[in-house]
Structure formats: C-alpha cells, structure tokens
Amino acid sequence: MNFTTRKAIPLVLLLLLGSVFYALFAGYTPDETLNRTASYYASQTVQETGAQNVVTAIIVTYRGLDTLGEVTVLFLTAAIVGLVLAHSKAPKSRSGSGFLPSGELLTTGTRMLVPVILLFGAYVFLNGHLTPGGGFQGGAIVASAILLMLLSDPAQRFSHRLISRIESSAGLTYVIIGLLGMLFAGGFLDNRILPLGSFGSILSAGVIPLIYALIGLKVGAEFSSILTSLEETEDAQ
Amino acid sequence: MVSPLLILAAGLGAAFLLGLLRDSSERMAFYLTVIALGFMSFVGLSWTVSLALGEAQPVEIYTAGARPPFAINLRMGLPEAALTSVVTLTGLLSAVFMRRDLMRLGRRAMAVLMVLIMALSGLIMTRDLFNLFVFIELIVIASAGLVLLSQDTRALGAGFKYLIVSQVISILLLVGVIFTYHANGSLNIDDIAATPMGFTGASLAIFLVLIALVLELKPFPANGWALDIYEAAHPGFSALFSAASGSAALFAVLKLFEAAGPDWAPLATGIGLVTFVGANILALAQDHDRRLLGYSSVGQIGLVLMVVGYGYDWDAGLYYVAGGLLISHAIAKAGLFWLSGLVKARKLSDWAALRQNPALVVAFATFIAMLTGLPPFPAFYAKWTLVHAMADYGDYPLIAIFLIAALIEAAVLFRWFGMAIKREAIRPLAYNLSHETVVLIAMTAGWALSFVWGAISGLDNLVTLVPLLFALLFLPLDILPARIKNVIAIAGLVLWFFLSKDGLDPLRLIFLTIMVLGGALLLLASFHAKGRRMGFYTPAMLMFAGMALLVTAETSFQFFAAWEFLTVGSYFLILRGHDSEPHALSYITFSLGGAFALLAGFAVASEGQFVIPLANLSEVAPEIAPYVFVLLAIGFLTKTAIMGLHIWLPGAHAEAETDVSPMVSGILLKAGLFGLFVLLMEMGRQELYGVDLTVLLVWLGAISAFIGAVLAAFQEDAKRLLAYSSISQMGYAVFGLALMNHLGWLLAMMFAINHFVYKSMLFLAVGGVKERTHTKLMYKMGGLITLMPYSFVSVLVGIIAMSGVPPLSGFGGRWIFYNAIMSTDLRLPMILIFMAGPVGFLYLFRLIHTIFLGQPKDELRKVKEAPFWIILPQMIFVAFLIAFAALPGMVLQRVDGYIGTLFGDRPLVWTGRIIDSQYGTWNPVAIWGVIIVVFVTVLLLLVWMNHNAQHVKQFNIVFSAERPFKPQTTHFAWNFFAPYRKAMGFLEMPVSTSFWTGVSNALHGTAEFSRKFYTGNGQTYAVQLMLFVVAVYLISMGASS
Amino acid sequence: MTAFPNFEWVQIAYALLTLFIVINYGMVMTAVVRKIGARVGGRYGIPVWQNYVDLLKNIALRSKISHGVMYYLGPVFRLTGGVGLLMFVPTIYGSEWHQNFSYAGDLILALYFVFFGTLGMALGAGESGHPHSAIGVSRGLAQVTMAELPLALGVYALSLQYGTLDITKIVAAQQGSIFNWTLFTNPLATVAAMVAFVGTMMRSPFDVAMAPQEIPIGPPTEYHSSYLALMQTNRVLFPVAKTVIYMNLFFGGATSWAEFAIKVFCLYMISVVIGVVHPRFRVEQSIRFFLKWGLPLGVLAILTV
Amino acid sequence: MTLLLFMAALLAVATLGAALIALFTSSTVVAVLSAGLVSLFASVMFLLLAAPDVAMTEAAIGSGLTTFLFFFVLGRIRREGTK
Amino acid sequence: MSLVQLSLATGFLLILLGLYGALTNRDIIRMIVSFTIADTGVNVVLVAVGYLPGREAPILDTIPVAEAASRITDPVPQALVLTAIVIGLGVTALMLAYAYRLFRARGSLDISEFTELKW
C-alpha cells in the first residue's frame, strides 16, 4: 500500500463515518425536561439512597454492577500489565524514568506532599456522596502520591504484596457488601443495608461511603500497581 | 435455587480472593479457580435443568433495590441458563486444560480467566445496554490478557490487533448507546423493544449499537484480527474465545436484535449469511489447523447470526434451532481447539498424530460430525428445522446458498479429517492425561446433548435408535479381536433383519435383504482380517444401520437421518482404503451435496410441516411437485453415481479395502436406487417447463449405462474397471425405473439384485487377487487361472451373468428390459442402451483375460489362492446366481405381484417355471436344460476325441516364428482396446471431471485471492472493519429507502 | 416338467435331424462359396467335399496338447454356442419337426446366446497365452460393439412393428405374400440389420479380427486337431444359424428346406460379395463405418415404425 | 450566556488544535503532552456542561494518569532502545 | 449554535481525528495516543448528549430535593462517562503494556512490522 492510499482510504472512510455522525448531530435536539429515568433519579435518589450527589448514587447503587465491572477492569488491567511486564526479561539497566531527573527539591517536596495528597484522596472518596468526586477521583489522587514517590526516587520499591492485598481485600469486601444487599435489602449492591442516616452528613447514604472508600482504596491500589509495574524493571524484583 | 447473581459474585469474589494468596502458592490458587468455576457451572447447570424441566420459572434479578430501567437488572431464562452453563463449563474445562500455563503465569492469570468467565456470564444475563458495554470491555481486556498465555510470540501482535479493533468497536458502541438512551430515556434493553424505532432518525443510534455488537462476532470480511488470535493464542484460550465468547456475544446480539425489532432482522440475516459463506470459502485455502478452526468458528457464528435474523420471531423455535447450532459449535469448536493442544505441529496433516489414540480419533470425528450437522447431533435437528422453515417462507435461494456453504464447510472439515486418518505424523502426540480427559468430556457432552435435542425435537430421537447404538457398541468393543467382533456384527445384522422384516412390502423386503442380510454375507469376507482391525466395525455398522433404517423409514425425517448415517458410515469405511484420502473426500462431498439436495427437497415438499410421511410425497401441491422431484432425484442420483455426478465413485470404490469395496458398491449404491423407487412410487411423472422429468431420467440412465461402460473398458486398474461398471449398471437400473412401467421397475429390481450379487462377487474376487498380487493393475497380472481357480470361477460366472449371456441371471434382466421398452413410447434413449450392451463385453472380457488368462508373470508364479474367507462368500454368490438364473420366480414373482398392485397391470404371466409376457417367453429351466445337454454332449465328444491331451508349458506357443520367453512381452494386456480407443476415445473426455475440477478450482482460487486481503496489519484490519460498517450502513440505508 | 411343455423324447430326434441337415448344408455351402470365389478369381478352387476332408483330418490328427482347462473348454463353448443358437430358433416355419426348442425363449434369447460361444472361445483362446489370440479378441470385441448396434435397433424396430418378440409369430406375420416380408414392410430396419449382418460374418471388409490371409491371428491361433475340428464344425454351423435368424426376421422365414437352402445361400452370398469387392477395414475404420451408416439407419428405423 | 458560548467555542478550538498537534507532530513526547492537553480542555468543557464529577475524573485520570503512563512506557522503551 | 451543539461537534471531530490518527500513524505509541483522543471525544459526546441547557450539576447540596427534577441536568450520562473514562484508562494501559512487549520482541514500534500472522 503506497502512501497516498494508506492515508486516503481512511480519510474517505472517516468522511463517510463523519456523515453518519453528522446525521446524528443534525437529528439531535436537547431534551427540554429530564427523561423518565433521569427524573426518577432526581426525585427518588434522596429518598432511596440518601446521597446528595445523584451521580454518586447512580454509580454506586443504581448502576453498581457497572461500577463493580469498572473496578474489575482496572483490576484486570493491573493484573495483566503485571503479567506482561513481569515476564518480559528486561535487560539490566539503571532504573528510573530516564528523562525526568529527580532533583533535591522534588525529593524533599515529595516527602512533605505525599501524606497530604493521601489525606486529600481519602477526603475525596469519603465525600463522594456529598460533593463532586468519589472513589475514582480519590483513587487517582492516592495513586498520584505513589507517582510522586516514583518520580522522586525511581529506585523506590513498593510492596507489591501490600498493594495487591489492599486491592483484593477491598474488592472482596465490595462483592460481599453487594451480596449482603441481596440478603438484607432489595438486591445486589442495595445500599440500604446500613441506615441512610441524616441527609447531607458524612455518615449517611447507607453503604455508599463505605463502598466509595473501598473503590477509592482499590482504584488507588490498582493505579499504583499499574504505575509501578510500568516503571519497575524485572531485574529489580 | 441459588441466585444466578452468585455466578458473577463468585467469579469476581474468587478473582479478588486470589490476590490475597501468596505469589508462590499457585497450586492453591489453581484449586480455588477450579472450585469457583465449578461452582459457577453448578449454578448455571442447576438453573438449566430446573428451567428445562419446568421446575423453575424464568426470573428477573433486580439489583440495588430498584426496578428497571432505574437500576440494572439481569435475567435468567432457559436460554440464558443454557448459555451460562456452556460458558462456565467451557471455562472450567479450559482452566483444567491450561493448568500448566496458568500455574506458570500465576494467580493473576487465573484471576483474569475467572473475570473473563464472569463477564461472559454477565453479558448473557444482563438486560442493560451500558452494562453490556462494560461486560464487553471486560471481555476484551481479559481476552487480550489471556492471549498472552501463549508461548507463541506472534500472539503478542494478534492481541494488539485485537485491542485496536476493540477500541474502534467500543467507540461506535458508546456513541450508539448514548444516542439510544437519548431517544428512549432508558438503557434497559426491554424498553428499547417497547419503543421500537425502526428506520427513523434515531435508528442510526441503534444501528451503531447493533453493528458494534455484530462486529464482536467477527463478521466476514472484517475479521482478520480474530483469525490471528485463533492462530496464535493458547488452544485452551482459543477454545474459550470461540465457544464461550462466541456464544455469549451471539446472545448479546440476539437480545439487541430482538429489542430493535423486525426491521433490523434482515441485517443479521444478511451479515450472517455472507459470513457463513465467506468464511467457509476462505477456509478452503487453509493449511494451518487453528486458523482453519478460526474460520470455521467465524462461519458457524455467522450461521447462527443468520438464524437469529431469520427466525427472530420464532420464540422457542429460534432457541431450538439457533441453540442447536450454537451448542454444537461451542462443544465441537472447544473440543477441537483442545485437541489441537495435544497435536504438536500445526499443519492439518500433523493431526495424523491423533491416530496414536483411537479415543481421540473418535472425539475428532464426533466434533466434525457436530459441526457439519450430521445426525444425531443437535445441529442436525437444527439444520433440518431451519431448512424446513426457509422452505415454508419460500426463501429458496437462501436455502441454496446456505446448503452450498454448508457443503463447503463439510468439505473443509472432512478434508482435514482425511488427512488425519491417512497422512503420516511428523511429531508424536503430546501425552497429557488432563487434556485428553477434557476432550473426552466435551465429546461426551456432545452425545448427551444429542439426546436432549432428540428428545425435545418432536421428531425421532436418533440417539435411541437400536441400530445406531449397535454401531456405537463397537467403539468400546474395539479392543476385541476382529473375528469376535465380526461374529457379533453378523449376528446383529441377521437378528435385525428378522426383527424388522415383518410388515414390509416385497420391494422393501428385497432391499432390506440385500442391505442387511447381504451385508452379513459380505462380512464373512471380513473374517480374513487379522488382529483387531480398529475402526472398521463402527463405521461399517453405522452404514448398515443407516441402510436398515432407510428401508423401514416412514417419514421424511427418518429417511433423511438414515441417509446421513449411511453416508457417514460409508465415508469412514472408504477412508480406510490405502490411497483413498482424496477419493473419500470427493465421496463425502458429493454425498453430502446429494443429501442436502434431499433435505431441500423434503423441506420444499413439507409445505410448512416439519416432517411428512413419505407417502405424503404423492400429495405435494402440483406447482411445487416438480421441484421437489428434481431435488430428491438429484440426491438419489448422486448416490447411484449418474453420469455427471459420478466422479467420486471410481476412486472411492477402487481404493477401498477388499471387503469394503463390495459393501460400498454392491450394497450402498442400492440406497440411491431405493430412494428413486420411493420417489417414483410416490410422485410418479412430473413435468417441469414441459419436460417430462422421467424422460430426462431415462436419458440420464442411458447415458450413464453407455459412458460408464466405455470408461470401464479403458481402465487398467481392475477395481476401477469394476467401479465404472457400477456406474453403467446403475444407469441401467435408473433407466428401468424411469420407464415408469411395470416391467421397467421389475428390470430395475432385477438389476438391483443382480448387481448386488455379481458386483460383490467380482469385487471380492478382484480384491482377493489384489491381496495376493499386491497390485490392482491388470497388465501386471496374467495367467492366474491355475493359481487362483476359485477366484477365476467366480469372475467367470460374474461376467457371464453381468453380460447378459444366457443362461445366467443377467439374461433375465435383458429379457425384461426388452419387454419393458416394448411398452414405452421412448425410442431414442434405447440406442444408447443398445450401445452399452456390447461395450459391457469389452471390459468384462478384459477383466477376466488380463488377470486370469494369458501369460503369468515371473514374480506372480507362486501366488496362492485368495484367502478362504474371501472365497467363501463368492462361492455362495455363485450358487445363488445359478439358482436365481434357473428359478427367478422365487424372488421376482412376489415383487412382480407387488409392482402389479402399483401399476394395476399384470404384464407377466408366471406359469410354473415359465414366464410369459405379452411379447415373448422366458423359460429359464428349458434354457438351462438345452445348454447343459448340448454342452455336455460336445464336451464328451471332445473328451472322446482328445482324452489324452497333454498339458504343455507356459511358452509352448509359436509367436512370430520363435518361442517367447518373457511374459511381459507376450501378455497382451496393456491398453487392451487400443483400436476401440482410437475410434471412441473421444467419449473418454473428462467433461464432468473438468467441470467439477473447475468448480473446485474456482472456489479455491477465490479463497486464495480473497485471503490476501488479510494482510496481517492491525491498521488494515481496522480500516476493513470501518469499511464494513460503512458498507453495511449504506446498504441498509439503501434497502430501507 | 412344466418347463418343457408337451415334451416328448422324439423332439430330441427332430432337433438332431435339424442339426444334421444344417451342418451338412453348411459344409457344402461354405465350400461352394469358396469354389465360386476361386472361379471368379480364375483359380480352380477346392472340391465341394473339402470341408469334410479337413474335418476328418483334424479329428484324426495326433498332436494333442492343452494349455489348461479353459483352453480345453473354449471349443466346447464355441460349438455349444452354435448348436444352442440353432436349437433356440425355429428353423422351418410350420414344420413340427424343426421347431427345435424355440419355446425356451424368444428373439432376445437368440440374440444374446450369440455371444455365448464367442465369449467361451475368447476365454479359451486367452488361456493359450498367445498374444495373437488376445489381439484378435480385442479387435473382434471392439468391432462387435458397433456392428451389433444396427441389428439391435433393427430388431427393436421390427418387434415394435409386429408387437412381439416371438420369432415364430414374426415369421407368421410375414406369410402370404413376398410383400409381407419385413424387407418390404420395413426396409429401413432390414437394411440396418443387414449392415450388422455383413459386419458380423467375419468376412472382408470386417474380418480384421481373424485376418485369415496373413499370419494367423484371432482366437483360433493356438487351436489344432480335434479342437479345430469342433471349431470347424461351428464355423459352418454358426453362420447358417445366424443367417436363419435374419431370414426369419426379415425375409419371411422358410417353410421348407428348399426355401431354407436358397434363402440362406442368398443371404450368405451378400456378405461374400461385399467381401470380395471391398478391402479390409481397420477396427476403428469399421467402427466409424457403423457409426456413420448403421447407426443412422437403425435410428431411422425405430423412429419410423 | 454569549460569553459562556464564546469561551466554549474558544475551548473547542483549543481542544481541536491540541488534537491536531497530537496527530501531526513528529515528536511522540509532544503528541502525548498534546493528548493530555486535549483531555484537560475536555474536562473544562465538562465543567461547562455541568458535570463536575466527570471533569474531576477526566482531569485526574484522562489527562493526568494517562500521560504518566505514556511517559513511563516511553521511558522504558527509550532506555532499552538506545542500547 | 448552542453549547450542546458545540460540544457535540467537538466530540465528534475529536473522534474522527483520533480514528484518523489511529488508522494512519504507523507508530504504535502514536496510535495509542490517537485512541485516547478519540476516547476523549466519545466522553465529550456522552456528556453533551446528557446536558440540558441551563441546568445545574446533579448535586443536591444547594438544590432542594423538591426542585431537583426541574433544575438538575441528566445525571445518567455523567455516570456512564465516569465508567467509560476508567475503562478507557484500563485499555490504554493495556495497549501500552502490549506496545512495550511488542517493542521488546521486535525492537520496533512500527505496526506494519507485526504482520507475521496473516491469510
């Protein structure tokens, strides 16, 4: 395939696909009011879940199965990345990302920042049912602490075992909570196995904060696992 | 009942639990995996069983304590339960299969596997569109991970291509999902069904969803990436990828097509059909086993997709058909992929290693039979029902395309099977007990499901048929010595004959006698085999089972199933021959082609029923009757090897084993004849475009009779000569039948009996000679008369009988023939028949002369008479021929009477031993008397004059004024009929061979050409994928406008 | 003995009488034909009793060897074929004495029994191991495949015409006037059949199977002495028996031995005359000849009945 | 409202511009950074579309973590490729 | 042109650009980069489709529950996008890991080098 056809065929194809998209675009009119699903959530979320953040309620409860799948995606990715990299015998070399030099400032800054970041992450996922943010965002923030540590000291080793334990326990607890929902409430992942508490307080919305905390831990652990797997080389293990 | 959600929870929980284990405790991790998968399978199976037995009702599983569409819900109905069982069980078995590699890679790999199975189950059960997407992504990621299990470094590239394509698919899917949500205000699949959109503006959204899901099914031609995975991945994973992922994705597609409404169904039908056809054609050019399996997977899934689109409103019927196909596919494909793990090298021919383990060969055969939809497997019922439904809708072109593609698929698979049976393995089979166990479990599951499908089919449950079970009995008995098995086989045949003979009309009784008792008689020859003779008795008994059932069949379904049994059994038998691989393939291809024509014929005839009594063929509506007739006739004529459809026969009959040749020639061909009998009896004359089809048959029969004889005269190979002669003889029989008068039918009957006797006898005799001389080329023999006198006698009697010279029974045939043609208006076809008669002498004389007369060769001077057990049946046949020639009435009179009731006339008058017709007389006893008296007198005269004749040595002849000393130059044998060839050689032009070769080359050429599009470049695959989407979009928009 | 209706031992005597007459007639006639041929060619020729001399000489010859059982039986088959053929055909119409055993079958029996002797002979010759025998058989068989065709078609046309396969009935239908002969009622069939007749009489131009004038070739190559005697007997008997069939089918049969003698002689002479004036065909040439002439005639015959 | 729209338009142009750079630059590093920028701009757009949760996630994961993933892999490849 | 349309258009264009890059760039890393752009585009489209003009984020801290139905925007697409983003990251990470392994296997990142499996 020569240069022109290699680029021209995709171009033509994408123009055609673009026309499909254009048809979607042209036929789209924003809704005036919430559709039935959304209006159900708008009116029932508080009553049913006790969460302020409707998105959180949907994610953790109504579409909890999706979210369970979602953390499983990360779990899978972490596992596979670990598999992929653990079994590629890297040549011995100096460790480190190689293009980001770690200066004194960064190292010191890291030491100070890491606990703060971790705390902030925890805050984000514990308040997920009240404010924007939640397990995923919080998990990402937790992971960024690990990232910072990696950047400042590329030779740093993390306990894979610990990460994996956190990840697994969180996941297992998540599943068990889900099953408890089947036993004691309306179905798998029903959040009402704990009292809904007072609306707007941190200990409200049933089991949502707990789940989001678990998700935060799990996601944080998974991100960390992926990052460390990508950074570390085999010979260091 | 435990909640089905536990399947998901158990999978996930166990996956997470694995993370708590130490890295080093792989063993424990593995056991945990197996236990979890076992539990998942248990839940799935228990639901399947309770739902199937009606003990449980389908349930909706709500999550989060809210009703759909506000929370995700799952469903567990019978299809869901069944597919979940398939998925989880495949997962369990694959886990066992991949034990070593899983242990090598550790608990993380096991977790990935578990998540994959969980996600597949979720995909099946979920009723939420976005949840579907999540599960698909899980499947994609887990699959990409498991691809890495393979030690093959190329798997890496394949996995990456898969990821590229999946990205594109998920983009399309997400865009589709969100716009569907926007249009419906709900993500629940059932809500989409409740508010059908059809081809309105919002339909684009559902189009994107559908096409994205269809792309997950690897539709042709947007599937290069999937094939690379099949080729490179670990076989254990490929089994999952094909069986479990394929089934789950297909069910997802089914759910959405059901939801999207009937307007979209043609899309599925079209894509499915194109995929089925395309994949099978491409598979023709494959030499790599796993890639071939990949193509086959793609094709099978395409087929089911087609059914999904076609039968979207059949309810239970859809699950029966699609389920039958899908479950056959799943078991067979998983089984084959697992088998491929035991075979060390990757060429198709390397599967020859399987022969080290007969059980695995049986498994291989089972899987191939399941894939090709042979009875008694579920796909057989499914195919039957599908074609009948298509016929009911009047979609005849669809039937044709479907059956042709199915035929190509069968050819691909049987080509492979042939290689496995006939080629030499380069590398031995891997020894792995757990792998073997897994394969055998799959095989057992296949048989078990055959029972289930048979039981729910509302038709006959084929697995419970006694003859079939009898044939299968020989699988475990195969460890016994051949002689013991032979005794059992003969006893079984005789017993079955006496059990089933009552209540049959004389015509059927004769066919039953030829097929079952005749089989027992021929089996006497099998006593000569030494050792165990593994793999002979099951196919042989399968063939006889098919024939026994064929004769007693009362409905179209029974008939067709029996037909398939005998076809398959005989294929395996023929394949046993020494150089029979290509011939067996051509045999099975033609036979299945013919069988498919039968299937189509029955389907068209059934007019909305799913099975009809054979007798109802006479009540088919007049406007479709001719087409039914043509289809059925094609099916039967393929079996009788009418000229044009004959090219499979010479090789198949000639290369078969000594005792198999008479079975497939003497007996098997009668199945086609029997079919024609039934067809003509029920349907009579039919006209198509003003052509009387029976006249066409007369012509075909005459042409076969003539050309077959001419070709036989030109053969150097004794068994090929006999094979071509069979074509000629069957031509006579077809001719007689098609005359559509009493005597014509009697003629056909006479030929059926005679041909069975003398062809069996001749094949046995020639086979016996071959056993001793180790060649089939006649010019290499010569002068064997003194060494093999009994064989000579049977050939002598055989050829006299066959040529129609009085006094032997062949003459009776000719006499009836002349009487028959006197009472028909057809004249011209007779010319060919008249020409065929003397040509018969040519090949017959050649046969006896070049083998038994002339000069014996030095290397054959010490050969012994053929083995006793081969001679014995021949002598019985000789005795029968003589008796039958003198007293034809003992067999024919009742048949004649019966045919008389059909035609309402009595053209023959049987007075004592004399048979009179309106035109002449046949007095067999008198003929015998005169000939014997004259012969003996003359002989005595000669003895009186010449009693002291001395036997002289071989070269005591004067040849060109000198004594020859080399038999090679003195035995006039090679190209015996050179002058005839000079004059009539143009008839030898291989017209039909070139035609079929051309068809085959065209298909292979297409395959070779098209597969070049699979460049191996991931980007190109992505481009093809999008091209596919755009093309389908344009086509469906064009179709809807 | 229901197979032999009205059987009386005397019938055997009658049959033997027929046989005796026919053999002697054949002996003399073939000698006469040869003599005529010689005279026409300006030679003196053989005496008319020459055949008897040859026969006796051969019977008396003492060189008696055998190449095997089939070789031994070959001439037996051959002569049985000739005798049997005569026995299955009514010789003289209306004569109770010379109906022979024609009730055993009809025209079809006769037509197929023709091959009995040929086949046995070929087999016997084959066992002799002499390649010339086999070559002769090969040529003869190849030629006969086409030569018989016009006859078969002619017979088919004729039996359609008369609506019977019974030779006696066919002859009966031709009685009364010479114009009732098939020759006149169905000339096409007759001509077609006569083409076959000429083709199968083993005379030039269709005698490549035997090639009598050159090196010995053909089935009898290795046969000598009493074997040859049997074959010679057959060689005079068989053509006559065959001619009788043609006579019965196409030329009104014979009601007396005189008519028989004349008709057979005339018919026989047809092939002789043609043979004298035509050079020999190679096998493929004769096959093409029959395809070109015999086949269309036969087709016309069955189409116009 | 028009101000909001104007900002959004600007944002859209910037997003597309970053995307074009990501596609057509010859430097992989620049491409990765531009892709991160696309994500960042997109998260701002999510804010405008009243989706703070999404905005946070996109910023943290889409533009933050993803970019680092790229750099880690690029770094490994560079280290091993230069030897 | 409204905000929704603008975002939609941006999203679609990002998808198309991303796909174009993925289909034309031979460098595997650059293909992955292109896919992340396309993913972002999908996310933008998802959120835009769920947006109701003039409404607020679906967080009921300042909005009274009773008025929620008339004041908040559709929360469902946002929930979906959250999931999609995380999944996108997972896939990207996986592809990167693959890219690394492919590079290790071949010493090259050119996709057209990895065509040993074909036909």
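Letters are used for the chains, namely A, B, C, D and E, taken in the order the chains are written, and counting of residues starts over at 1 for each.
Methods note: a contact is a pair of C-beta atoms (placed from the backbone, for glycine too) under 8 Å apart; a residue touches a chain by one contact, two chains touch by 3 or more.
Since the model is a prediction, treat every value here as computed from it, not as a measurement.
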Minimum number of chain-to-chain touching steps separating subunit C from subunit D: 3
Neighbouring chains shared between subunit B and subunit E, ordered by label: A
Comparison of B-C and A-D by number of C-beta pairs in contact, larger one: B-C
Closest chain to the centre of mass proxy, which here is the mean CA position: B
CA centroid of subunit A to CA centroid of subunit E, Å: 15
Intercentroid distance (Cα basis), subunit D paired with subunit B, Å: 59
Chain centre separation (subunit D, subunit E; CA means) in Å: 11
Averaged-CA centre spacing for the pair subunit C and subunit A, given as whole angstrom: 106
Per-residue overlap in subunit E, given as positions that touch at least 2 other chains: 2, 4, 9, 15, 19-20, 23-24, 39, 49-51, 57-59, 76, 78, 80, 82-83, 85-87, 89-91, 93-94, 96-101, 104
Multi-partner residues of subunit A (each touching 2 or more other chains): 10, 13-14, 17, 21, 24, 28, 31, 35, 37-38, 41, 53, 55, 63, 66, 69-70, 73, 76-77, 80, 84, 90, 132, 136, 226, 230
Residue numbers of subunit B (touch at least two other chains): 130, 134, 137, 141, 144-145, 175, 179, 182, 187, 1023, 1026
Interchain pairs in contact, sorted by label: A-B, A-D, A-E, B-C, B-E, D-E
For the subunit E and subunit B complex, residues of the former touching the latter: 15, 19, 22-24, 26, 28, 31, 35, 38-39, 42, 45-46, 49-50, 76-77, 80, 83-84, 87, 90-91, 94-95, 98-99, 101-102, 105, 111-112, 114-119
Contact set on subunit E toward subunit A in their complex: 2, 4-5, 8-9, 12, 15-16, 19-20, 23-24, 49, 51-53, 57-61, 65, 68-70, 72, 74-76, 78-80, 82-83, 85-87, 89-91, 93-94, 96-98, 100-101, 104
Complex interface listing, subunit D residues touching subunit A: 52-53, 55-57, 60-61, 64-65, 68-69, 71-76, 78-80, 83
Residues on subunit A engaged by subunit D in the complex (per definition of touch): 53, 55-56, 90-91, 93-94, 96-100, 124, 132-134, 136-137, 140-141, 143-144, 147, 223, 226-227, 230-231, 233
Complex interface listing, subunit B residues touching subunit A: 3, 5-6, 8-9, 12-13, 15-20, 23, 61-66, 69-72, 105-106, 108-109, 111-112, 115, 118-119, 122, 126, 128, 130-131, 134-135, 137-138, 141-142, 144-145, 148, 175, 179, 182, 184-187, 201-202, 204-205, 208, 1020, 1023, 1026-1027, 1029-1030, 1033-1034
